[in-house]
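The data blocks that follow each hold one structure.
Next come two complexes built around chain A: one with chain B, the other with chain C.
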Partner chain A sequence: MSLWFELAVSGLITGGIYAMVAIGLNLQYGLMRILNISHGEFLMLGAYLTWLAHTVLQINPLVFLPVVALVLFTIGVVVYRLCFFRIVSTAPAVEVIEARSLLVGFGLLYLVQNAAYLTWGADLRGYSFLTESVEIAGARFSANRLVIFAFAVGASLALLGVLRFTLIGKAVRAMMQSPTGAQLVGIDTRLLHPVVFGAGIALAGVAGALLSMVYEISPAMGEPYTVTALIVIVLGGLGSALGSLLGGFLLGLVETFGMHFTSPSLKMLLSYSVLIAVLLARPKGLFAR
Partner chain B sequence: MKLRNAMLAVLAASVALAALPWLLSDFLLALALSCIMYAGLAVSWAMFCGASNYLSLATAAFFGLGAYVTAWGAGALPYGLSVLAGGIVAAAFAAMVGAAVLHLRGAYFAVITFGLGELVRHAITYYEKAYEGTVGRIIAEAPESTTVYWTVLLVSAAAVATAFAVREGRLGLALRGIGSDEERAQTLGVNARRSKVLAFALSAFFAGALGAAMAVRWTYIDPPTVFNPFIGFQTVLIAMVGGAHTIIGPIVSAVVFSLLTEFLRLQFPYLFLTLLGLLLILLVLYLPGGLVSLIERWRIGERWRWRRGDA
Partner chain C sequence: MNWKSTIKLIAATLSAAILAPALAQDAPVRVGYAISRTGPFAAGAQLSQEPNYIMWAEQVNAAGGLSVGGKKRKIELIGVDDRSEVETMVRSYEKLMGSDKVDLILPPWGTGMNFALMPLAQKHGYPMLSPTATGRKLLSLKNPYFFPLLQQPDVMMVALAEFLRARGVTTAAMVHVDELFGLEQAAALERAFNEKGISIIEKKSYPIGVKDLQPVLRDIKAKNPDAFIALSYPPDTFLITGQSKALAFNPKAFYAAVGAAFPVYRDKMGVGTVEGVMGLGTWNPKTSPAANAYFDAHVARWKKEPDRWASAHAWAGLQILQQAVGKAGLDRKKIRDYIASTEFDTVIGKIRFKNGENVSTPGVVSQWQSGEFEVVWPPQRATAPAYFPKAAWK
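Let's turn to the complex of A and B:
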């Protein structure tokens, strides 16, 4: 019994991080049709920022989280203005935005990842933080994993709340439903697009900061998360933030249980099998009505 | 007539390129080989994706499958046959998968085809580890590098010729119809499903054959090398930067990109991927129609100037 409990909690912890990365990516896609393949690179930047702050300045990583969010938000707005603004405003059709943003995403991926290699080298870096273990219902977890779970779920839920209950969230949902209609009723695209893009990047950065508390970090750490986030948003439905949250948890659970009962080297194989099975059965995502 | 001229041009170019091994040093020949391989990959990618507006990231999967066919058949199959077999295996795989996922569009299709590459890679890694007890394979008897060059040239030339034939034929018309409006194309009597699966398999055939042909260039083969997503991305980038709706665009851009990559790699070994990324962003932002739009723009300018002179 406690084994199942332990596996379930581990799955949810992994899933929480997946959800967080995926929601940011999904907002960018749902609102602007930007398929940002370099999303994970900003997760990596967040992780390195936190690592630097902790090892050089001895700042508590949790205290540093808002700084990471702010820095990455600014980076996101700048990246949007420099790279994606031109695409979104000049492309004649939605498919063209998708294709061109994918190409620019590849460019950013090369650029950011290799700049990180040049700056920090290829070595794995890490620090230890809250490593003592906590016992819950007979199962033992290290405290840092519980902390990152709480923060990941908290941030994801907070974002869902903002989307559902605030005026800006309403504007974002309106833009997803009908970009032209939203503009007609006076929603300012030129303000909203960079803000949402920046928020997505900030979310990825915070996810990276959280991950750096538990795992070792490297310049290549972001890519697998981008791929997983892509799977998650397809599972949950493109444009649906709640779908991404549930999809993230689902994938985390599938991976953890699957890896335990088969073999760790099958992890990616499992995720893709789930993805392909879902896409064949429900092409619009698991939770589409 | 137009098709015959194109075929003659492909034939002439191939004969001219076939003479390169006698003219170039080993280093330059390797460079030419990489240009020709990417030209073949990009043209075969654009054959399906350019016309039908699908964004497939499965090239790495087909390429890797082809390479593994060579690796598994090493010793048993002669080189020429394993190239053919590599193409056929990749095409069969593409037809099977295509029948299942080609009803998806846009981002869904891109994600799932990218997933395919990873899926095949992990499946082969697992199979090799669990049942063969190896991670990689050594190809002991590699053919001469000139043989490899001629084979790759032959496959790429066949890809270009097929691309011309498809474009001028019914299949190309069907694909372009699907690309601009699939429902309308179906209403007008295009069997969309069959055309898409056929074209997807055809384009996979060349990617697989090129993978099988190139496999012997590495003496040691393991999944991360041959299923390298870089090969797939590079192909898509080359085709789109060149102009995916044309045939000449991807060829020109394959040559430009391969030379540029090599130049940057030699000049700035550390900065090279960063520079490549930056260049790519600038190209997409400021030359969204691809390299071929430069030619088109120049041609329109010419015509205009000529008319003005005439008047």
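Let's turn to the complex of A and C:
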């Protein structure tokens, strides 16, 4: 019993980390069809900001989260204006937005990553924070991972609530369904678009800030997270906040139980099998409507 | 052609004839290399390898230049970024050796990269003194131009087995990264432990890039081995340490492979946490006055500490190259023969190559103690007595 409980919690925590990495990209790709392949790079920026604040200024990383969110939001709005505004406003169809934004995203990826190399060098960095373990029903987990888990669940549910139950959420969904229609009923898409994009970047930064408490950081850290995020989003269904949370959980659980009952070396095989199975059974993802 | 231009032509020819030898004498020695400045290998390459290349060129040039058969010539480094891609690395060296015809090369970072470069270096006849490549598989190619500076995996694992056996360890559990390095280390470890009568009660492999190993560590903790050996790469070394601490998994000996010797390992995990953790290492500032001088110069130049394993091997390789060029000039065949047949004094002690293997540097076990990675085995190299058994995680 305790084994199953421990494996399940362990899997949910890992899944929570996956889900959290995906939330920001889900806003951009899932809702706006902007395939921002440089998602992981902004996550990396968030991680570096937090590391700097913690090691240089001794600021508590959790207290610093709102600052990271604000800085990255601002960067996001600027990036949107400079790079994605023209793509979104001139594209004749959403498929075109996907293809064009992918190219721009690649450019951003190199730009941001190399800027980080120039600024901080290639060295691994890190700090330790909340590494003490917490006991839950006889099983032990490190506190910083539990914080990430709580945040992933909280942020996903909050996002779900905003999109489903508020007027702004309704406006965002309307804008995605039909930009022209949304304008006709008085939704200011010129304001809403950059704000949603900026929120996506801010969430990437926050994810990076939280991850820096657990893992070491380097300028190259972002790319694998982008891949994870894409898998989770596709698994859960594009644009579905609940979907990416549950998609993340599913991946985490399959990996953890698979690691225990087979071999950790089969991790990739297991996660991609899940993805393939879901795509075969429900091509639009688990929670797509 | 009028007489004015004829005179000009003669003057130009004469001055060229007079100036050319003088210019040739001052021409720098061109030393080329490709190394990872970006991408996943950059963290290791920029810690253990390239800073040494640059610092070496600066120090030699400040002292008047590289002695080439009695004459001092400046070093001109030609370094490019291989972006952690094997193809880019090979293409860069092809250009450096094939069309730029540099005088010497310095190797890229990592076993895989060196493995890929070996045939090319042999074809063009460039000696490779490789600071970050290890494995019997590489030596089995019998490439006469390849001189790896690190200890071979079996040498390191035999030293670990002897160390543990001397402390009464009878059971061990191991995990290893599923990659050339991890597989070879794991095979060497199994052989060494079998010989010393240490039984391996659990053995698991895991892929590169793993983000959670708690289920594996939990199973191992339940089996309660005397020693735990992780034949890991840097990201997993950090992960395994953090999760073992969270699980309160406290074996008498806790060993992690690559990354344990990195100063950032101590800084990220905390001096208290890493206390008593053992790993792959060779040296520290206390192993010799030369090592201390190297450490100080590195910190002064780069504002960061070198790692306690490969960094000094990289420096030793440059010292060997410098001595070889001093004796043999820039004839690369002669340099190769000199390296192959001479015993060198370096920052990590004497180094002699036999069939390409560094047979002088012994297997070493190091352990974090109060913020320094102390050498604890073999006894004649030890800078501190070992903490054994390891205390509980702090």
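Structural remarks
In the analysis below, the second predicted complex is superposed on the first by the 284 of 289 C-alpha atoms of A that agree within 3 Å, B and C clash if a C-alpha of one lies under 4 Å from a C-alpha of the other, contacts with A are read in each partner's own complex, and residues count from 1 in each chain.
Everything that follows uses one rule, which is that contacts are C-beta pairs under 8 Å (C-beta built on N, C-alpha and C of every residue); 3 or more make two chains touch, one makes a residue touch a chain.
Worth saying up front: this structure is predicted, and the values here are computed from it rather than measured.
In the superposition on chain A, A:260 makes contact with chain C only, while chain B stays out of contact range.
Within the superposed three-chain model, A:133 lies in touch with chain C and out of touch with chain B [touch as defined at top].
Residue contacts after overlaying the shared chain place A:268 against chain B and chain C alike. Applying the stated contact rule after C-alpha superposition, one finds that A:164 touches neither chain B nor chain C. Shared-chain residue A:231: touches chain B; no touch with chain C. Once the two complexes are laid over each other on the shared chain, residue contacts for A:218 go to chain C alone; chain B is not touched. Legend: residue contacts after superposition of the two complexes on their common chain; A:102 is shown touching chain B, with no touch to chain C. Residue contacts after overlaying the shared chain place A:125 against chain C, while chain B stays out of touching range.
Legend: residue contacts after superposition of the two complexes on their common chain; A:114 is shown touching both chain B and chain C.
Applying the stated touch rule to the two superposed structures, the overlap between the chain B and chain C interfaces on chain A comprises residues 113-114, 263, 265, 268.
For chain B in complex with chain A, the touching residues are 53, 55, 100-101, 103-104, 106-108, 110-112, 114-116, 118-119, 122-123, 125-126, 129, 233, 236-237, 240-241, 270-274, 276-281, 284-285, 288.
Put simply, chain C touches chain A in their complex at residues 36-40, 42-43, 45-47, 84, 175, 178, 204-207, 209-216, 218-219, 234-235, 238-239, 242-243, 245-248, 262, 264, 267-270, 273, 304. If you check the complex, the residues on chain A that touch chain C are 6-7, 10, 13-14, 17, 113-114, 117, 121-128, 131, 133, 140-142, 145, 214-216, 218-220, 224, 252, 255-256, 259-260, 263-265, 267-268. Contact residues of chain A toward chain B in the complex are 29, 35, 83, 86-87, 90-91, 94-96, 98-100, 102-104, 106-115, 118, 227, 230-231, 234, 238, 263, 265-266, 268-269, 272-273, 275-276, 279-280, 283.
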